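Presented sequentially are two complexes of chain A, the first with chain B as partner and the second with chain C.
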Partner chain A sequence: MSGSVAGNGVVKVAPRVAMQFDQADRVYEPRRELGIRYHVEGIEPEVVRAIERSMLWYTEGKGEEDLGVHFFERIEDAAKLAQASPTGSFMVALPSSPLSYEGVVVKVRWCVRVRLFFGGGRDFVSEHVFDLGSVPPARGPLGRLE
Partner chain B sequence: MNANAGVMAAADMFVGNPFSTRHTRPGAIPPLDSAGRPVDVAALCAQLAFKGGSAAIVGAHGSGKTTLLEALAREFERAGIPAGRVRLRARRDAVQVLRAILCSPAGAVLCVDSWERMVPVAAGLVRLVARAVGCNLLVTTHRPTALPTLVVCATTPRLLAAIVDRLPGLEQRGGEVIADVDIEAAFRNHAGNIRESLYELYDRFEDRTRRPPVRL
Partner chain C sequence: MRLPQFFGKKRGHRRTGSHLWGSFGEGLFYACLVAAGIVFGGLLLSGMVRYAPADGQPVPLPWAYAWCVWLLTMLIPGALLAFGGSGLTRVVRAWGKSEERRAASERMPEMLDAMGHAVGEAPGHPGVPTCDDLVNSPGTILRYRLPIESPESWTLFGFGLFAGLWNAVVVVLAVGAGFELVSGRTDWLLLALLVTFLAVGIGGIVVFVRALVLATAVGPTQIEICDHPLLPGEQYDVLLAQGGSGVFRSLELFLEVEELATFRQGTDTRTERTIVYREPVREWRDVQPVPGARFETHATIMIPPAAMHSFASEHNAIKWRIVVRGSPERWPVFVRVFPVVVFPAPAAISPVASARPFATVAGEVGS
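Moving on to the complex of A and B:
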């Protein structure tokens, strides 16, 4: 992706965050460590004012939603920011629950998020899903609506 | 970068049901009019000022009132105007509205969802207090109220189709899972209630993606 920042510091093209998990299939056993390496593309590193790296779970379905933040880190300090963008890595010890679940009415998903903050109150979130545990997906209501 | 979105999300691949709440809740999709075109939120803010600062968004269940209310609240915040939010779930929540008004700085806008749950006496009292402290009210309601009507939300199959077009992940499937006929049926089955129509499409998506693909 080519350069994307105008002279006034406004980000004109959305960045892209390439994320590499240390487990290729992105399926992790509870209580083990998860390693992440990411690379921000499409912007000049100096336009990033802060970066937030987090790991969280959320529910997905119809109706009310829930989420829990397992790991959160905000980096603003210039020296630390240089080590966190455009390329950075971190490791997080995973909890024992909630396990990822692909239900019909509700799903539980885990993800790693990298959020970039720019001048003018702009930001950009990149979210990358992984599985905690190996719970089989629900089979579903076959033909219920047909 | 979309200046109106505030936050852009990106992922290396789409996972999940495009019709789940996280993709369809107020704020996730910009407000659209009954023809499926984006609503000019800034122009509505200007109209609100013309109407004295307080007004109502009127419409039936699932017609996009809360989505529009949230978009207007964000527009106020972008303009530096404090915008509070209260959702009435029961009549006793009128106390929360009063508390929010009394805590608001002069010139703020309090966005109240489901104003029809307020009993008339409480609604009158809230309006009086809001006027006294200089707090503007923007409310959603099923029927016209004593507040001037800012906009009437209406739904059409075209609006539902435009919303579906904006959901993530469906383009990866090239319209194979949810077809136009499903959208029209969902709209018809729920008498134009967009929220319920999206719930039906959620179920249909689950149903069709959890079994061997069929020719639709």
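Moving on to the complex of A and C:
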């Protein structure tokens, strides 16, 4: 992910993306719909060349990061861009899996990302985590049977 | 555009270096490989590289050798072109794209696939491995017989392969030393080498035979289950069958969850395995299978209602498994593992709910 300030001389301050989920605790059951409303602050809307809105899961922990995109949308068209920036919203039907998981060496996280693209190849990404399902955290490492 | 920095910093998951410059450098590297392949291959094909034997006229390299040798020399430029070309294509395809866009475009062929899901992934359950390999063997009493996951078999194979290859080298050395002795010469260096190699070869055979005896002496363990895949909150009838002629001080049945994380450490790729859940199911004491028959017993396993389902991605996995630990009277304790697949709870899979009004809690801002 790149830095927060576009380097073409147009964007002078770091953008900020405020995001609202339609469920306050951000814990969603599988196959429900998730609604997102976001507002981009700190930049002029016209400096945004494109917006990417995505919903994905990724792994954290000791292993290499794996990533699975459930929903992806790139908006470049000027008319659509005006509707998506600075304020936009979208709804996505959640899948049945993988559920959010807090393991010992493997963790699965779900998030919504809004990525803004500026001139000169710069971009800014805002990530907001939510839970899919209510799986309790793993108890901890246990010794192997011998 | 900022100039590239020679040193970058790692801040959590982020790095301070520019992705664009990184991709540019990577592309330049692959382009150099392609260029080297073209130049090297061009020189060979055009005949500009000549072979000048001491007693003859210089000839272009392609005609200096047989065609098969010439083809062999083309392996290096061919490899440079293939490796550089594939890397360059990958860099160009990923140029200027976010990781979400790359991941989404990688997913596209799967979406176009008639099955609509990735290979090895259960239909309708992203990230959940399929259990096709676990339900293709019918049980004798219950519905399915579970396959055994036996790293010991590969260890045994490794020991056998080592013993075989090493002793083949010993035989070659022995034949050479034998010819030397028959012709009346004694090469003490060769003999010393032969004795050392022979000692290692005998050691390899002993280790292999010991592992083979340990693997086969106890008798086979079989697990059968009444249904598959498993679901959280459900109970399943399990049949444990243990063969063998000796007495077992104990046989224990466990339900376990193992996390696997694969990561790179320098140039090595390592996998860390951690057991994060273990539920003792049942224990049998002083088991003595009847000669000619196997010991058979039933038990019930239950998957906790809020349990995590099985998960598998490229570098990470969460695996459920049934584990049998046996303590034979005359042999070391053995552990045998039978993988199972747990799907997400169907109770949690309800029809898509209607949209709710937005909560007034603002999301935090990440970068």
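Annotations
Following the convention adopted for this analysis, the second predicted complex is superposed on the first by the 131 of 146 C-alpha atoms of A that agree within 3 Å, B and C clash if a C-alpha of one lies under 4 Å from a C-alpha of the other, contacts with A are read in each partner's own complex, and residues count from 1 in each chain.
To be clear about the criterion, a contact is a pair of C-beta atoms (placed from the backbone, for glycine too) under 8 Å apart; a residue touches a chain by one contact, two chains touch by 3 or more.
None of these values were measured; they are calculated from a predicted model.
When both complexes are overlaid on chain A, chain B and chain C end up clashing with each other. Contact with chain B, but none with chain C, is seen for A:R109 once the two complexes are overlaid on the shared chain. Contacts of A:A24 after superposition: chain C is touched, whereas chain B is not reached. Contacts of A:F124 after superposition on the shared chain: both chain B and chain C are touched. Of the two partner chains placed by the overlay, only chain C lies in contact with A:L99; chain B stays clear of it. When both complexes are overlaid on chain A, the residue A:V135 reaches chain C alone and has no touch with chain B. Between chain B and chain C, C contacts the larger number of chain A residues.
When the two structures are aligned on the shared chain, A:G61 is found in touch with chain B and with chain C.
Looking at the shared chain after the overlay, A:E33 reaches chain C, while chain B stays out of its contact range.
Once both structures are laid onto chain A, the chain C stretch out of 24-32, 42-50 or 186-194 that overlaps chain B is 24-32. Overlaid on A, the two complexes show chain B and chain C touching the same residues of chain A, namely 14, 16-19, 61-65, 104, 121, 123-128, 138-146.
Against chain B, in their complex, chain A makes its touches with residues 10-14, 16-19, 58, 60-65, 104, 107, 109, 121-129, 137-146. Those residues of chain B that touch chain A in the shared complex are 1, 3, 6-13, 15-17, 19-22, 25, 199-200, 202-204, 206-207, 210-211. In the complex of the two chains, the chain A residues touching chain C come out as 1-2, 4, 7, 14, 16-24, 29-33, 35, 37-38, 52, 54, 56-57, 59, 61-70, 72, 74, 91, 93, 95-99, 101, 103-106, 108, 113, 115, 120-121, 123-128, 133-136, 138-146.
The residues of chain C lying in touch with chain A in their complex are 1-2, 13-14, 18-20, 96, 98-101, 103-104, 107, 124-128, 254, 257, 259-264, 272, 274-278, 306-309, 311, 313-318, 323, 325, 333, 335, 344, 348-367.
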